[in-house]
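Both of the next two complexes hold chain A, though its partner changes from chain B to chain C.
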Partner chain A sequence: MPKVEMANATDVVLKVENLKKFFPVRKGVFSRAKSFLHAVDDISFEIKRGEVLALVGESGCGKTTTGKTLVKLYEPTGGKIKFLDRDVTDLRSDVDKKWFHSKSQMIFQDPFESLNPRKTIFDIVSEPMNIQNKGNLKYREEKTMEILKRVGISPPNAFLWRYPHELSGGQRQRVAIARALVMNPEFVVADEPTSMLDVSIRTQVMKLMMDLISDMNMSFLYITHDFAVARYMSDYISVMYLGKMVEYGKTEEIIQNPLHPYTKALISSVPVPDPEFKRKSIQIKGGIGKAIDPLPRCRFYDRCLLAMDICAKKEPPLLDVGSGHKVACFLYDKKEK
Partner chain B sequence: MKPILEVENLKMYYSTKLGYVKAVDGISFVLNEGESLGLVGESGCGKTTTSMAIMRLLAENAEILSGHIYFKGKDLLKLNNEEMNKVRWAGISMIFQAAMNSLNPVYKVGDQIIEAIITHEPNVTFEEARERVVNLYKLVGLDPKRIDNYPHEYSGGMKQRAIIAMSLSCNPDMIIADEPTTALDVIVQDMILKEMSRIQKKLNMSMIYISHDIAVIAEVAEKIGIMYAGKLVELSDSVTIFKRPAHPYTIGLMSSFPSVKGEKKELVTIPGEPPNLLNAPDSCRFAPRCPFATKECLEKEPPYEEIEPNHFIACFHPQNLRKQVNEYAKG
Partner chain C sequence: MSNTTEEMTASSEVFESPFKIKLKLMWRAFKENWKIFSESKIGMLGFWIVIIFAVAGFIVYPILASTVWKSTSLSSMVSYNPVTGYDFTIASNPAPPSLTHLLGTDPLGRDILAQLLYSTPREFALGIIAALITVFLGTTIGTISAFYGGVVDTFFMRLADLTLLFPFIPFLIVISGMMTVNLFMLALILGVLSGFGGITIILRSQAMIVKVKPFIESAKVSGASNPYIIVNHIIPNIMPLSFLYMMFNVTGAIFSEAVLSFFGLLNIRMSWGLMIYTADTAGYIVGTNIGTYWWLWLPPGAAITLICGAFYFIGRGLDEVVNPRLRRR
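Up next, the complex of A and B:
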């Protein structure tokens, strides 16, 4: 790979093609046959510079697995990940790994678990610079203070030598954000970063992230189960169901005009903070299962009230139904319907 | 309308080595028969503590310092243990926070409900109790065939339905539900909330819903109480709370909540963080975060007053909505 980076060569920062991540599971206690849980099953998308893509879906649909695979905490089972025009699916050499990890970061859901309790705030935030051998101690201290201040931890020098347990949940999540951003990454995965925070703190952290994303012109994958949060945080929304991407489009378009029967049910179930609003939810059958050795059919088939014969026979592809709004459902597939 | 529960100036503190944690500090409200009240507030503001005080299930270090809790006219704080035991379950039953994780994994779900019935009503036979469980299952939308399954054979939503069935098992007049849907995905949450509302109306029960989620409360409660740092800061019918909130904290809360419906409004942030309740001062506890705070707010405690019929607020400077949102936006 060339040493010189061509960071601005293209607008597309991350390009994912047919990404798969399967986990082996045992069928029964005595069974030798291997089964696979299809946590992420053949998904493709791209994120441009400065763009936020929200990954939305119920728990267990594969959001975290997608995020971890993209920042290489998991090896993909199949597919291709291209980052800044380089194929990073298999990173062999230490130099390549170091390069990749200096440019991509992940923020986790639980601010109480994601920070090492035995390390000071300075150690935690400056660690990525240590690993990357970036600058001397003085530089690292300055950089740490600067980013802590930027995320609203002030005065930063009052916090440098404290431990995570001495901070509130909101402050911890700010520290986790500071750590992720201290190396100026190009791409960040944020996995439900505000779901453990209280309402008033959640809005503060959401606003902070919006500011940082636009200031630093980062590309973001924002994982959330909450459509209302996704509406505020993202430019595009992608809806996942049991390892599949079932719908993708501009955020406001998905919120106002969802097409997939699953997306419709999800959005119509979100409680509305207005006692005079009479919400009508769209029903679906049963509950969410697990995609273990799934049949080649629409993964939503069992729960769909609109299912047709064809839905049991093959998988609906994700097709563009106009101006970039994509949906994987035979109801919108003119060829098949 | 007949009141079923009247809470008057209730104070419940936790004593710790460092001093008192003023978890519930002088709150008052009335719940009428057949009415649903939502208590909303952020983590640690005293929601669970309030319900524990009503049920008189006190932690070892908890102390009720003052107040009255009248249930159907009788002060629960004056009852002896035996009398209080009769009120629990048959009078007031409670769905505890994260209750669905407390089902015992080694017993069948139905048996756990049968046991609860027989413990509280010793005259009921096993067969009668089982018959009651069958009816309860039908009421909460569970298939009675599932009675003999173990908890791990239930999904999250089914467990929560079983917990609701259990809370109904001794025909209570009133239920307190502490974060009944917090652990559930949105589709299941929607079904459970609908089920609870339906049952509440059908049985004409009184309900207290506790949640940190104002959208959930907006959908199920007729009356809403906003709690902040151990205090009830505002209380009124739900439309007033949402359309004409007067307390600066309520206004901030309402305008910081994202929604999927309506136009996409700019989110407003409340600066700062909730205070530590350890040795909390006798001033307005919201004052350090409040854009309208004056010297008075930092020195004295605002009285809890009725500013218009059935609209209570504890604030020296009740606001009008539009003006305040602008103030917040200015920061």
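Up next, the complex of A and C:
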């Protein structure tokens, strides 16, 4: 048994090293970009098989950009992406591209926009197989029916030749999930898949995804702004602020013992369904800015209540403070303190 | 469960070409779309009008031409052809409708019905060829310039601006003065000129809206190539507009032909516009003559109106097919 555990522990599906994605900010039509928006700036993490990593942060902090870069919707500006022990940062040949795109998938936020309104459910769900030229029509039909049944669209026959506008929001998101999972991907990015759904169906869809993750043994990157959702779904949480990863650790560890001032503030804002419960609410100043050519200092410096002199001088590194809990803050940096 | 998976793997080994799959899906889609189209009353009305014209032009005319309207020898010197010849047996031309000439004759003694039917297939060919060229060019160029942007986009959009500013009718007049413009040439010129113009701008803006939708990204994540996305996602989404414009363009081409023939600028044996031109130049649609000699202008005029309306109605019906939201269900 320990051998199997060892094998599982080293089975890293996705390894991201110093990933960077900058967008040029154009001033004029003909002038070359002089400044850059640092949407994702130097983040590193890894996801093992069957694990869920939640990427938490405010809107505009680069969560979605990270997800889209990982499935190659954007070309990374810098850094390395290793997928199943292969470097996929720069996919050149068509064979490699095909291989990568058959193993990675993305579930989008808006189920009303992520399904082509002119395609039937069968076309939508079987499209990945169609693009990858997998199997014949009969196989595709069977596979589509199977996956639709699996995501709770039943009976699949009744839905196969319908159009997305004939489905409810929850059903559409189930179809989107079915489409993402029809090729049995190894790695899936889920970009706030439940945020557009009614609260009543939200938990159903989350439970469905949990079941599918454990059944199909996938690795998931779950992007959300909601700590409650992250706690329900994920094994690890990574908190992002303005393109930087500020804290990383096991889900319960982060929630019970947040270290970074920003994480503390975020968690204190989650409502607790207990009227007796009094929690010290942490207020932070101002709002999230834009990381256009940021100064070499802590990105949270302007809003931090515990800011020190050193925070304005250099960027805090992401340091391990014990048992895999990492935090990027000088408060916990023993050398600097 | 294990049984079904075994079956599935077995069936996946049987190779079926993607082309065959596409064909099957297309046939299935066609059957479904026909069902939806046939439910639209206005579309079916247009469809039947077009069918009636097509039957009249492509089937009835050849039969009649080889039986009733044969070139008959009146004497050893003169023979009579209903489309081009002069009927000497009638005392005065134009003659009102009678049993020998169901829609009467024109000032040159030619049978109106024969002329009408003779022109029908040519009008069809002209309208459809011009519209197909226009829509093909407009859709392709509009989508490509929207999808790739940059230099391609700028080039085609400036070209569209130029085409829009282009004086159409004077250009055709000059062209017809320089060389003999036959129907096919006219269709080509009309199709290409309108294909680079307004329709491209409209379809491009529509494609721009579609291009940024998440389902495009979704396809990209699955590994779709740019041509795949253009053909499978963007073009189907701008098809309703394409179809509508195709139908407008059939109408537009037939109108342009009528206008040009009316001015006598085309080198065509016979067309509906030319029939009205003949009546007009002989002075039969002036003043009170217009009521007296109604059989000279009413049949070709009605034919132009009906066929143009019918194509527009078909456009409406097709719109219901390609735009699921218009369906009442």
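As a convention for this text, the second predicted complex is superposed on the first by the 318 of 337 C-alpha atoms of A that agree within 3 Å, B and C clash if a C-alpha of one lies under 4 Å from a C-alpha of the other, contacts with A are read in each partner's own complex, and residues count from 1 in each chain.
In this section, a residue touches a chain if its C-beta (ideal position, glycine included) is under 8 Å from a C-beta of that chain, and two chains touch if they have at least 3 such contacts.
Only a predicted model underlies this, so the values are computations on that prediction, with no experimental measurement involved.
Asker: Could you tell me whether chain B and chain C fit or clash when both sit on chain A in the superposition?
Answerer: They fit side by side.
Asker: Looking at the overlay, what does A:Leu115 touch: chain B (first), chain C (second), both, or neither?
Answerer: The second partner, chain C, only.
Asker: One more residue to check, A:Asp211. First (chain B), second (chain C), both or neither?
Answerer: neither
Asker: Specify the angle subtended at the CA centre of chain A by the CA centres of chain B and chain C, expressed in degrees to the nearest 10.
Answerer: Nearest-10 rounding gives 80 degrees.
Asker: First (chain B), second (chain C), both or neither: which does A:Asp87 touch?
Answerer: The answer is neither, since A:Asp87 touches no partner chain.
Asker: Applying the touch criterion given at the start, work out whether A:Val229 contacts chain B, chain C, both or neither, answering first, second, both or neither.
Answerer: first
Asker: Regarding the shared-chain residue A:Glu58, is it in contact with chain B (first), chain C (second), both, or neither?
Answerer: first
Asker: Between chain B (first) and chain C (second), which, if any, makes contact with A:Ser102: first, second, both or neither?
Answerer: A:Ser102 contacts chain C only, not chain B.
Asker: Taking the superposition on A as described, I'd like to know which of chain B and chain C A:Asp320 touches: first, second, both or neither.
Answerer: Neither: A:Asp320 stays clear of chain B and chain C.
Asker: Can you work out, in whole Å, how close the C-alpha atoms of chain B and chain C get once everything is superposed?
Answerer: Minimum over all C-alpha pairs of chain B and chain C: 11 Å.
Asker: Of all the chain A residues, which ones make contact with chain B and with chain C?
Answerer: No residue sits in both footprints.
Asker: Which residues of chain B touch chain A in the complex?
Answerer: So the residues of chain B in touch with chain A come to 42-43, 155, 157, 185-190, 193, 212-216, 218-219, 238-239, 242-243, 252-254, 256-262, 264, 267-271, 273-274.
Asker: For the complex, give me every residue of chain A touching chain C.
Answerer: 68, 71-73, 97-98, 100-102, 104-106, 108-110, 113-119, 123, 127-128, 130-140, 142-143, 146, 161, 163, 165, 176, 179, 183
Asker: Please output the residues of chain A touching chain B within their complex, sorted ascending.
Answerer: 58-59, 168, 170, 198-204, 206-207, 225-229, 231-232, 252, 255, 265-267, 269-277, 279, 281, 284, 287-288
Asker: Where on chain C does chain A make contact in their complex?
Answerer: 4, 7-8, 11-12, 14-16, 18, 20-21, 24-25, 32, 213-215, 217-224, 228, 233, 236-237, 239, 322, 324-325
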